[in-house]
Each structure stands twice: as C-alpha cells, then as structure tokens.
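Following this line, the structures themselves.
Shared between the two complexes below is subunit A, which has subunit B as its partner in the first and subunit C in the second.
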Partner chain A sequence: MSSIGTGYDLSASQFSPDGRVFQVEYAQKAVENSGTAVALRGKDGVVFAVEKLVTSKLYETGANRRIFNIDTHIGMAVAGLLADSRQIVETARTEASNYRAEYGGNIPVKYLADRVAMYKHAYTLYSAVRPFGCSVALGSYDEVDGPQLFMVDPSGVSFGYLGCAMGKARQAAKTEMEKLKLKDMTCMELLKEAAKIIYIVHDEVKDKHFELELGWVGAVTQGRHQKVPQDVYSEVERYAKSALEDDSDSGNDDM
Partner chain B sequence: MACMMSSMSTSDLLSSDWLTSEHSTGTSIMAVEFNGGVVIGADSRTSTGAYVANRVTDKLTKITNHIYCCRSGSAADTQAIADIVNYHLEFHEVQLGEAPLVKTAASVFQELCYNYRDQLTAGIICAGWDRRHGGQVYNIPLGGMCVRQPFAIGGSGSTYVFGFVDSNFKQGMNQDECVQFVLKTLALAMSRDGSSGGVVRLGIITEDGIERRTVLGNELPRFYEG
Partner chain C sequence: MYANPNSIINPSLWPNGPAPGCFFNFPGTSVTSTSSKSGIITRTQSPVTTGTSILGLVFDGGVMLAGDMLGSYGSMAKFRSIERIIKVNNSTVLGATGDIADFQHLKAIIEQKVIDEDCADDGFTLKPKALHTWLTRVLYNRRSKFDPLWNTFLVAGIEDGEPYLGCVDKIGTAFSDSKIATGYGAHIALPLMREGLEKKPQMTKEEARALLINCLRVLFYRDCRALNKHQIATITKEGVTIENNIELDTNWEVANFVIGYE
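Here is the complex of A and B:
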C-alpha cells in the first residue's frame, strides 16, 4: 500500500493531491517497524504486554522500558520511536499532575487520552515540526467506571478499545485477539493471553532476542498500575511458552 | 438599643456606616451530608453596616446542577469567586463529557481562596452530589483550607451554634432529619446574630438535582426568646 509522495511529503503542512498528509503516514510507518505491543481490557482490569526487541546482548535486562506509569492509576504502553514516546510520556505526566493540582483528583483516562491526542495532532499541522513517530495505549481501572483502554496514533486520533495492538505484528496480534472473549476475562487470564499473543507473533527469524514486558492495572492491584510482580510474571511466561509449544506440536500431528 | 428618632446633619450623612461600609453577608450558613445527597441552608440578610441592604438574599449559589455553594463574608468577593468557579466547572463539564465531582469544585474554590487569601474575605461551604461519592460537604474557610466534613457551619452566626450542632448532630440522619437539623440551627443563629436574619433558604441536592425551599420567619422553629 506504499506510494511515493514525490514533492508533497516534505512537510506536515502540505496535503497531497489525493488528500493525504504523507508525513503522518510516514510516522505511522515508523510505528510499524517497532516491536509489537498489545493491550487488553477485560472484566476487572487492563493488561499491557510488549515485545521488547533486544538488539544487543550487552544491554542490562530491563533497559529501555516500554510500559510507563502516568500518575498512579494509569499505565501507558508505547510503540514506535522510543525517544518520541518518552516525550509523550512526560507530556501525559504533566497533564495528569496539573489536573490533580487544579481539580484535586485522579485524571479520568478518557480525558487524558483526549489531551494526548490533541497534543500529538498539533504536531501534524506545521512544517516547523514533525509528527511523533509513536503510538501509545493508555489504560486504567476504577471501581465506578471499570477498566478503560484508549490508543492514540501519530495522527492524533484516539479511540477506546477492548483490545488493541501496535507495532510490526499488529495484524497477526489482532487476529489472535479476536478469538478471545475479552469482556469476561479476569486480569490473570488476560495477562496469560496477552503474553501468549506476543510469543506467537514474535518472528524468530528476523528478531532473535526479545524481552517480554508486562504491566497491569485492575481490581487485583486496587486500581494502581504497576509492573507485574515476579511470581506472576514467571507463571505467565511459562504459560505463554508452553502454549506456543502446544501450538507448534499440534502442527506436527499426522492427519 | 438605637434611638428611634435622630436628627440628621451633614457630618452624620458622611460618616454613617451604611454609606461607607462594604456589603457583607454577615450570615449563617450550613450544609449537612446524608445518604443520597446534601441539605444546604442559609439566612437571607445582607448588611451594609447597620442597614440591611437586602433582606431576602439568596446565598445559595449554583455552580453546576448538582453542586452549590453557601457564601459568607464579603458579598462582592464571594459573588466574584462563585462566578469564576462556575465558569471553570462549566468548561470542565464540557471537556469531561460528564457531570464534575464535588471535590473538583471544592478544589477550584480552594485554589482561588488560598492564592488570593490576602485580598479576599470569603468563607465558603461547597456541597453537592456526584455519582462517584454521593453527597459531600466541603468547608473552605478564610485562609483557603479545604476539608470535607459530615456537616459544616459558617458565617458570623455560626459562632453561636457550635455547641448546639456538636451536641445534636447524629450520623446516619435521613433527608428530613437533616432538614429539621438545618432549620433549627439556622433559626437559633439568626435569633442571636444581628448580621443574620430574614428567611431561611434551603436546598436539597440529590441525584435528581436540587429542590429549593424557603421557610419564612413566622414558620421557623421557635426557641426561648427571653
């Protein structure tokens, strides 16, 4: 689906004759080149799972995290250019902090997603800047409104989701997600499925080594977003790896 | 007792306190939480020195459909503040897409009353209902602190009724009991405080919005009058 902009793709302030803003599309391509990230919303929480591609064995484990905390009750998973994403994280944190200072409470995640979307969209209007090459997924849980998940892409468009995927294998991840009945699943079940999806869509040939990063927010964490604790992480990782082997085994069965 | 007849001279006119004093909502105001909402109440006297500038004032000011504030202190200051808070909350409601929380309104009040504390004389009780925490009362007195209380009293008349409210408040009162509690308290305050009087204006705020009542002087509870 790629086409060359030839002349209309030099700045975000220009439309092409067929009504496209090429700079924004190129930013979306940047997201497509990054490691897959999935976010799932269930009955009592939201989980994030990120395929963090490790390009060098010399990195410390846990370097270049891709799941962040925005205030205590909101988690954000990112895909795309990591430096661009970190800017968005800072912006979101400032928004949440200003909201708390002015209005005395937690920023509603829908409102934050709108604010982040407006911010990213602003960078698609001018030739002096380039759009952010990152997509972000925001998730939160509280007792009154339940779990909520939003995703903002480089064009500044924001939607609410039951399940969303970003990055290189997002189509494959979406196919896997659609098989699940997300609405009725608990946080633990969601985590296992999300990790399994990451393992399934991971391309062993092209990207050798990856770290699985997990985050969750739900009733089980009393509405606080956090990295998944080590024991839960191990259990989930074991499930994902064994499910992967089962799948590949089943492919070898004789008819 | 003031003289009924006094001869007016030019110096009297220039030095009369009602010509030179600021409008003050001398006031007795009150708000009580109950399960499902709040009851708010206020007297109706605005005094300019010894002259009652308005004997039927409405000191219960709308911030949103479900959040009101009771104003005491300078009438000008509190009206200006309430206007600003109203503006902020209206904007916020549109951006949020749902009714704002009472805590949000109280926080905006607090920002203003604290940051401009040297220029303002405003004692405000912000009370209302929201779907997250039900009925809530927030007291924001002179310095700009903000604290949630099961009930709050304010204004010059409140000083006379602290003993009464402390001894008569019970947890878990229903709507009617709260209304009676507010009426009795305000009646006592208005009876003793020269800057409070007139009628009692009540508001009962629940999920369905506000129900306003006015209790005239002759319908108020009567106590020992000496």
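Here is the complex of A and C:
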C-alpha cells in the first residue's frame, strides 16, 4: 500500500523518486484518522453532519465543535487535526472580512474555497512549515447561485461537490451518498439523510461515544449558516436512529 | 533633496536624527498626516455631507430613537434617503449626527464586529453599553490625534433587561440619560422631551412615539437642515423594529402671519 518514505519524507520541499510528496500524503493520513464528516448539497441548501468522537465523558456537550461559521453565509465542516483546522477557519474569516471591506458584500463561496486552497497549498511548498492536517468542506446558499459546496484537502486541491465525505468512514459514507438523488432534495430531507449516513458509518466497536453535529445553510435559513435549531436536531436525530434500526446493514463490515 | 546641514558637519554622528530648525518625527511612531513639516494642520477639519438631530427617549420597557433621513451637502438637501439609524444586533441600535462618511466608515467596522461575533457563536452578543464605551474610546483617541470622526452618536438598547440610552460626541464626551437629543434637537426637542418625561416618567410605547413625532415635527418647522421623512426605531426585550420613510402632517398656515413672507 504505502511505501516507506525513508529519507524523502522529512520535508514538504522534497519529492520522492517516484514523484510523491510524502509530507502531503501523511497529512492526508491524519485526516483519515478523524471522525467522519459529510456535506450534502441539494435543491435549496447545503447541510453538514459531523461524527464528533467524544474521547472522554468529562467533556461538556458541545465542546470541540467541528462545524464553523465563516462570515454570515458560509459554513465550514472540518476533518483532521482540530487545531490545524482552527487556523484555516481564522484565515477563511479574515479573507471573508477583507472581501467585505473591499467589495461591500458576501464573499462567493467559490472564491473563498479558492483562497483557502491556495493558502493550504502554500504550506506544501516549503521545508520550514508542514502541511495542514485537515480537510475542510465549505458550503453556502444564495438566491443567485443557489447552493454551493466545495471541499479542500491538505494538498490544496479543491473541487465543487454535490456530496462529499471526509474522515475515517468516508468510503462507506460515499457509498451511502451515491444512493441518494441529491439534486432534488430539500434541506430537511438532506439533513435527515446526512444524519442517517453518520449513524450508519459510525463504528460502534472501535469508537463508542459520539456527538452528532449538524449545520445548515439554505433558503430555510434565509442564506445564513447556523447550527441546526434544537427542535429540528431532535427530529433529525430520531429519524437517523430509527432508520439505523430498520436498516439491516449497519456498515460494520469487519471483513 | 538638499542635504541636512548636520550630515555635512557630522555625517556619521546622528543619521536620521533631530536637526536644529527641522521638525523631528520619532522613529517607530506613525506619522499621521495632521502635520507634515511644522506642526500646522494643513487638512480641513469640517464635515461634508451631514445629518441633523437624532432624538432618543426611554419609555417603560424600552427605548426609542428617531431622526430624519436627510444627508445635507452644506445647505443643499442632497441625499434624501440616508438611514442614519441602524440596527446593530437584536438588542442595540445606533443613530448618528454629523458627517455621513465618518458614520459609514464606523458602520462598516461595527458590522464586521457583529459578523465576527456571529462566527464565534458562543452566545455572547455586543451589549449597548459595551458599544457605547467602545465608541467613546475610538472617538476620544481620534480627537487626541487632531483627526476626529465628526459625529455625535446615540446608542440605544436593552442592557441586562433594562433600557439604555447613551451619547458620545466627536471630542469623546460620553454620558447616558433617559432622554437625549443631538444637534438642533438638543435646543429645540430636548425641552419638549423633558416636559413630557416630567409629567409621566414611565411612558408607554405609544406615548413615547407620540412625543417623539411631535418633536420631529417641531424640528422640521424650525431646523433648516431637516427633512419631512423620518426613521423611528423601537427597542424592547422582544427585539428591534426600525420604521423608515415616515412622513408627518404639517401645517404651515402660521407662515401667513410672518411679516414679509409672501
């Protein structure tokens, strides 16, 4: 699978003989070790669902949030090293603020994703720094462009998505997503499906406790990104849990 | 670029140091353009597009702010739909008198502050007194550099469940009271507001609105830089409502009694 880097993996400014930058690949590994995060784009909004693994019962609920607000209208869900992702969040917020100061309005999420990607990429060029060990998904909704979703990975590559997943169970999550007809779904439907996916792909054996974090932005929130309100959250959680019981395959494939 | 006399006499002793007869800027400090060479202010210190009075009144359960929607360009009534009263968040409202450009500059900064707070999403929102104090600091520091923001601000809102009304002017004088008016309002409207509050210290929302509307009418009669198109903002525990484009009925019959008025 992954060859040992020996000697070519010490700095991001070195290529290996077979043309790989190991530091970037190791950063991607860091993302793969984190709890799953999914983002879905539908007809009138974008939703985020994160499997926030709770490593200690002593944590307050709501600690170490993984879905952030960038400006008023953009949501960012992160996977990977949380501290690294917090810096990306700050950078994104600064970019949005500068755009607002210069152009007097909301930054289109496409431009923000571009800038975040350029920023992350810059950290893959020099030996003095290490790449960011986090992937981020950015989403927003406005009347003109509709819902938009982008994901940026540690190498600085960014794509637009209808649905994306990051973290440990991303392959399983992607499989579940592909079953859905995302283009025609409303925000509420998307939220339910996203939560259901998280519950399905969550590994009960290896990671016991998790908190489901949900965020949405769409016509239903007038284009503002926010944490999902408590009543919607409870409804979605109930749906996801009951759908999990109905579904015979729990995604726990220990083959 | 003729040589500094010192560098001819003592070329190595103090390069970039003070020289007799020359103004010296200490290194490391920002040279604000208030004074270039000899400490004389070479930039005009007067407002360009201005807004006139803003009135503020505390009533039982909230605060109300009122002001017209005019941006005067000297004596010309140039911009007739300027919103001089803005909502900051669900518990705070800001009204401005004076230079509109300076107000818009601060407005953008305050809006970004509110966005940053929303992002943090930790349950804290800017309170009216906090905004008032922050404005005082900003205005006082600008005046101390001889570069004032030429405004008088009224901050109104609900602070810890209680109505709050505060004022700051361009030189950084700050205070809070249950009835405040800026500009000509301080001379014309404030006595009317004081009379109203003395008669009934805990007014209802409707009574406060009626009093303010009467004051706005008098101001339109008497202030030559006023317009008959107003904003009224009401802040209560339930939230903020700002009504725009309110036009008042006026009666100019009394003009006939003015000798010489045709």
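Everything that follows uses one rule, which is that the second predicted complex is superposed on the first by the 247 of 255 C-alpha atoms of A that agree within 3 Å, B and C clash if a C-alpha of one lies under 4 Å from a C-alpha of the other, contacts with A are read in each partner's own complex, and residues count from 1 in each chain.
Here is the rule we use: a residue touches a chain if its C-beta (ideal position, glycine included) is under 8 Å from a C-beta of that chain, and two chains touch if they have at least 3 such contacts.
Small disclaimer: the values here were computed from a predicted structure and weren't measured.
In the superposed model, A:23 lies in contact with neither subunit B nor subunit C. Within the superposed three-chain model, A:110 lies in touch with subunit B and out of touch with subunit C [touch as defined at top]. Once the two complexes are laid over each other on the shared chain, residue contacts for A:144 go to subunit B alone; subunit C is not touched. Of the two partner chains placed by the overlay, only subunit B lies in contact with A:102; subunit C stays clear of it. Once the two complexes are overlaid on chain A, none of the subunit A residues touched by subunit B in the first is touched by subunit C in the second. Residues 68-72, 93, 97, 100-101, 227 of subunit A are the ones touching subunit C in the complex. Residues of subunit A touching subunit B in their complex: 102-105, 108, 110-111, 114, 144. Put simply, subunit B touches subunit A in their complex at residues 92, 95-97, 100-101, 103-104, 106-108, 110-111, 131-132, 146.
On the subunit C side of its complex with subunit A, the touching residues are 108, 112, 115-116, 118-119, 121.
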